[in-house]
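Okay, got some structures for you below.
In the two complexes below, chain A is the common chain; its partner is chain B in one and chain C in the other.
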Partner chain A sequence: MSIVNILIQSTLVALYLFLAICIGLLFMGIARKVTARIQNRVGPPIYQNFIDVGKLLAKKTNIKHNWIFDFAPLFALAGVLLALAYLPMGGYKMLSGTGDLILLLYIIAIPALGFALGSGASANPNAGVGVMRALTLMLSYEMPFLLVLLALMIFYNTASLSTLLEKQMSFAWGIVALPISALAADIALQGMMMEKPFDIPIAPHEIASGPLVEFGGKYLGMLMLYSAGSVVLETTLFVDLFLGGGVVLNPATYGVVAYVVNYLVWFALIFVVWMIAVFINAVFPRFRIEQAFKFYWKWPTVIAAIGLAQAYIMSVFLGVIP
Partner chain B sequence: MEILGIFGIFVLVPLIGSVIAYLFRKYAVAVAAIFAAVPSIALYPFYDTNVSRIINIGVKLNLTLDPTTWFFMLMLDTLAFSALLFAIPYIKKAQGNFATLILVALAGANGVLMARDFLSLYIFWEMMSWATYLLILRKSGEYARRYLLFGVLSAYFIIMGIGIVYYYTGSFLYSATTGIPMSGWFWILLFLVLGFGVKMAVVPLHVWAPYAYCAEQPFVAFLSGGLSKLGTFGILMAMYSIAGISILQGFGTFRGVSLFGYPFALLGAITAFIGTVLAIFQDDLRKLLAYSSIGQLGYVMVGLGLGTSLALGGAIFHAFNHAFFKSLLFLGAGAVIYRTGKYKISEMGGLGYKMPFTFLFVLFAIFALAGIPITSGFISKWMLYEAAIAKKFVFIAPLMLIASVGAFLYCFRILYGVFLGQLSEEHKDVKEAPAPMLAAMFILMLPLVIFSIVPGWILGWISKILVSMGLKPLEYSTFAYYSPIGNANMLIMWIAFMLLFMVSMIIFMMKKARVVDQLDNYLAGEAPTQVQLHAAHNFYKPLKDTWAPVLKYSINRAYEKFSQFFVEGFKEIRKMYTENPQDYAAYMGIAFLIFVLVGWWLL
Partner chain C sequence: MTDNPNPLPSIIPEKDWKKIQRMLSKRSLWMIHFCTGCGAMEMPPTMTSRYDMERFGIIPMATPRQADLLLVTGYVAVKTLKRIVRVYEQMQDPKYVISFGSCPINGGLYWDSYNTIKRLDKYIPVDLYIAGCMPRPEAIMDAFLKLMKDIDEGRADGWLRYRKYYDKYRANQMRVFKRWDE
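After this line comes the complex of A and B, so read on.
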């Protein structure tokens, strides 16, 4: 690969990442508006989150507690961008050819760990409690989610996301082939995005936004960019795993047109996935953390296990090879 | 070089050093560190040597230095050196004793690695085991007894295995194993794997570990990181060198994995899960690390059981990573304990601001433990997962994966409880750990960074081991590694991460920030001006409450009940000493009758 080629590729990746963050901020604004309308309020305009981030990043007074505090915005933003770069968006593979699903799974942990470090360094007890809840919640939803991933990897016989997209395009979307797993994955997604009833770690009325409690100014602004990135990350993960990544036209035959169309389809699909989460969020109260743990290790795990059994039977006993 | 010379460097030098170091009294540990440095530096020229010689002293003995031995020696000798370097300021009382015993354990360990016959294996194994016992005894007699009980059990298992081999072949050599029937192989391998499995602390033989790992931290770093790898080495040799892949396949296969290995792989996955869950709820820093160690060695056991190239390579690599990051964690814990004198996580807090270098080293070890891709800890876990998933093992893979999520929980418990959160009043004057301690930790951190950027180097060494055992080599290039179902390229990941980190750095640097006191906190409009609370006590309480019905069962307590049963039983038996001669006469009569009846039946 020549230098020019590498430069073009990395510019494209940078563009995709920038767009992803913008889409994330837009989605957060839409969520606020939709939630407000459901609850019969007027709500802020949908571009409100852009204004918020701009204001926070431009603030003159920023305070921090110590140098470990800085880990949070740095690792969170860099980590979420790295994770996004490993996730195909609208069929554009970016780096996903050079790392697979397991790598992605562990890259997703980088921003979370950085965020946890920074908030832990704030010496506010609320932050510690919040991170404890976030990690417990993670242990909860990962149980069904890992079983779902396993079902996909066993059925499609690959751990590579780009190969997974190709196989979904040629065979059938994951949601058609493994509908039970898709259901479990969507329930797990609600916890992964920390939307109600699983917004336990950030519970504003109990623990003052938990891990976020001490962050302000540029720190909060960067963490908002991080959460915008993770909205896109999590919805895209679901779309890539079960909805074929929004790939409807084969780029090999249709060229640039395919990329544009696929991008639009991908956008529509992540919007649908995000809206499902927002609707559930708007009408549910909050679980306690131990209830969330029991819930996740009970029903979604059973559903995911049935999905895994289905994938196993289809792949091993029936010999379905996508 | 002649094998006896190599034997001299790696076994006799530490042994002689152990005597000399003892004489130096107050400087014993420093002198011992020099003697430990000799083999760990002398090792490098022997890369890629393959010398072996059979020595006949009535029985045939065999000493060998090959890539397998070299690889494990690299781990153990580096760890021993770092542990002794760390111990220079740490060990205050009876220095000579400590230095001598560590060097004897090192000599024993090197001997075990070089032995290619059961007799010298057993001698060196016992040498290492007894030195370990005495080192634990320095801390507590009770803990040492628990170790001893399982150490003896392990030795019995190994002796049984050796006995069966000798019965069939009449030789102690590893290579002379022709003519053993399959049933014989089954018992030999079972006894050897269980015997070495005790050292690896595989559930349910793990009970000694949480007690033994409460001994002095530099030694524990060597024990947990280094000596437990002798268990890995033993199982590796027993299954893939002494028996070999064809005999393992002879037990029947399940998707290309030996039916003998599969149960042990499953046991390893269960060990990983149990170790992790128990680690989450510990408040004693040393016990937390001990259970975590049990869990991580469970991963190694999975790889050893599965025995495909990828799995076995992953197991060896994970053993290597575990050696370094777990020793680093134990040394970090040692530095904290040395400075504060506390070992309960909930009593510390905020030490990261006072001990920044220790914090960074521990943070890096924790990245490796949790499997964050910027360390080599990720690569070995990746290999093990992909090996299990590629073979479609639906019980082993999820257990390993969920255990690794659980690892995040206890990792953060260490980071938050010890290094972050509020700094308490009594720790206001805590200083950074002394220079030798930091140097020791730095040495241990290096391989974790280097092999995450250039995994090709270490995968090359591991591949050589696998080829020498008759397996396929690993698929890798300098920066990337491949499995049947996926691949990952570390160079691209590192460059992308660095670039994106710079992007967030630029956004971050645009505005300056002012530093405020740790108690200048947002309190949601509460009345007090400050809240002095380090929220680390009983950290995962909600989770613990949820797990309570399961946690009430304890293997440890089961063993204790079992031993209690015998104690009670012996008490009953003791009642037969009634001090009445007529009773004794009656016993003799009954015994005579039994002898006569049994003898008559036998004849």
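After this line comes the complex of A and C, so read on.
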């Protein structure tokens, strides 16, 4: 591989990651506008979050705790960028390997853990409570989500994301083949994105925004970029698993046109997934942490188990092999 | 003001950079309201769908670290003043202060109280006063728009004054506190 190729490749990767962060900020702005319209308000312009990030990064910052606290926002942002590089966005995949569906599960935990590390280092009791709640919530939604992933792996007979996308394109989207698992995954996604019934870790009125409590100025700007990235990360995860990753044209036959069309379809699909989360977020109050834990280990887990049984029956007894 | 220890690359001149910063910070004022008196009652209609301040990018934040704008909503007792100063010093520059009602201006109803400070401006720099007892949400929205205009023109420089005259502000504060740790 020549040096020119490497340069082109890395520019493309940087462009994709930059676009992902921009899309995340735009989505957060759209969510604020939609929530405002639901509450019969006018709401901020949809580019409000770009202004917020610019302002935060331009602020002077004089918070001193220790080096772990300084390191945490970088850790979170880098972790979310790494996870985005492993996820196919519109069929284009930057890093890959066999069995990367399992690897992705580990990588997705990195940014959240880095964030928890930094807030723990600030030694604020509110941050400690928030981190504890975030880790408990993670434990709750991972249970149905792992069952859903197991169902997908059994049905499509693969643990590689690119093979999963190919099989979804040639056979049927995951949401058509395994609708029960898709429902469980969407409920788990609500907790993963920490939207309203499950925004327990960052509850601003109870524990003063939880893990974020000591972050301000430039630190908060970095964390806002991190949360913009994780919006795209989590919606793309659902789209890749159940909606074919937005791949409608095969890049092998159509070339560059396929990449552009797939990217646009992917954008439309993650927008739909994000809007579902925003609508639920706008009308629900907040669970307590033990209620969320009970909910996740009861209903979505049962639904996911039924989905797993369906996938097993379809692939083993009925012989449906994509 | 001392020299910036981390100067930006000279693609954008310092003057234009400050203008951009003011332009951004006027459109995204995150506020923390310190509910000291009756003025806190006027905040819910200003936030919710009747007067909706989020359309100007003003949202309430939970902690002083994240906020740019401190609202002191009513009379300030000596005990409260200590907390207000602490909150103000935890906020990140540039930061702005709006004080509500007549009490922080001249003592208002509590002009002869032994326990209430008469002028907030002696202890922390105030960028804007809203007169009235109490100011209605229209007056508050008007004050926000005035503050945004002031920030844009660079006239809301309370945080610079606090840095420049820190010793004098601190001396005034210590005159009422006696000690910090009670």
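We take it that the second predicted complex is superposed on the first by the 318 of 322 C-alpha atoms of A that agree within 3 Å, B and C clash if a C-alpha of one lies under 4 Å from a C-alpha of the other, contacts with A are read in each partner's own complex, and residues count from 1 in each chain.
Please note the rule applied: a residue touches a chain if its C-beta (ideal position, glycine included) is under 8 Å from a C-beta of that chain, and two chains touch if they have at least 3 such contacts.
Being a predicted model, the structure only gives us computed values, none of them experimental.
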Chain A as common anchor, with chain B and chain C clashing or fitting: fit
Chain A residues touched - chain C or chain B, whichever exceeds: B
Partner chain(s) touched by A:98 [first = chain B, second = chain C, both, neither]: first
Touched partner set for A:117, first chain B, second chain C, both or neither: first
Touching partner for A:266 - first (chain B), second (chain C), both, neither: neither
Chain B versus chain C as contact partner of A:43, first or second or both or neither: second
First, second, both or neither for A:60, with chain B first and chain C second: both
First (chain B), second (chain C), both or neither touched by A:213: both
Three-chain overlay, vertex chain A: chain B-chain C angle, C-alpha, nearest 10 degrees: 110
Partner chain in contact with A:238 - chain B first, chain C second, else both or neither: neither
Minimum distance between Cα atoms of chain B and chain C in the superposition (Å): 5
Where chain A meets both chain C and chain B, residue numbers: 58-63, 208, 213-214, 217
Chain C residues touching chain A - in the complex, by the definition given at the top: 20-21, 24-25, 27-28, 30, 48-49, 52, 54-57, 61-66, 68, 91-94
For the chain B and chain A complex, residues of the former touching the latter: 350, 352-353, 356, 359, 363, 367, 370-374, 378, 382, 385-386, 389, 392, 394, 397-398, 401-402, 405-406, 408-409, 412, 415-416, 419-423, 480, 483, 485-489, 492-493, 496-497, 500-501, 503-505, 507-508, 510-522, 524, 531, 533-536, 539-540, 542-543, 545-546
Chain C-touching residues of chain A, taken from the complex the two chains share: 32, 36, 39-44, 48, 51-52, 54-55, 58-63, 204-205, 208-209, 212-217, 220
Of chain A, residues touching chain B in the complex: 57-68, 70, 73-74, 77-78, 81-82, 85, 95, 98-103, 106-107, 109-110, 113, 116-117, 120-126, 128-129, 131-133, 135-136, 138-139, 142-143, 146-147, 150, 153-154, 157-160, 208, 213-214, 217-219, 222, 225, 288-290, 293-294, 308, 312, 315-316
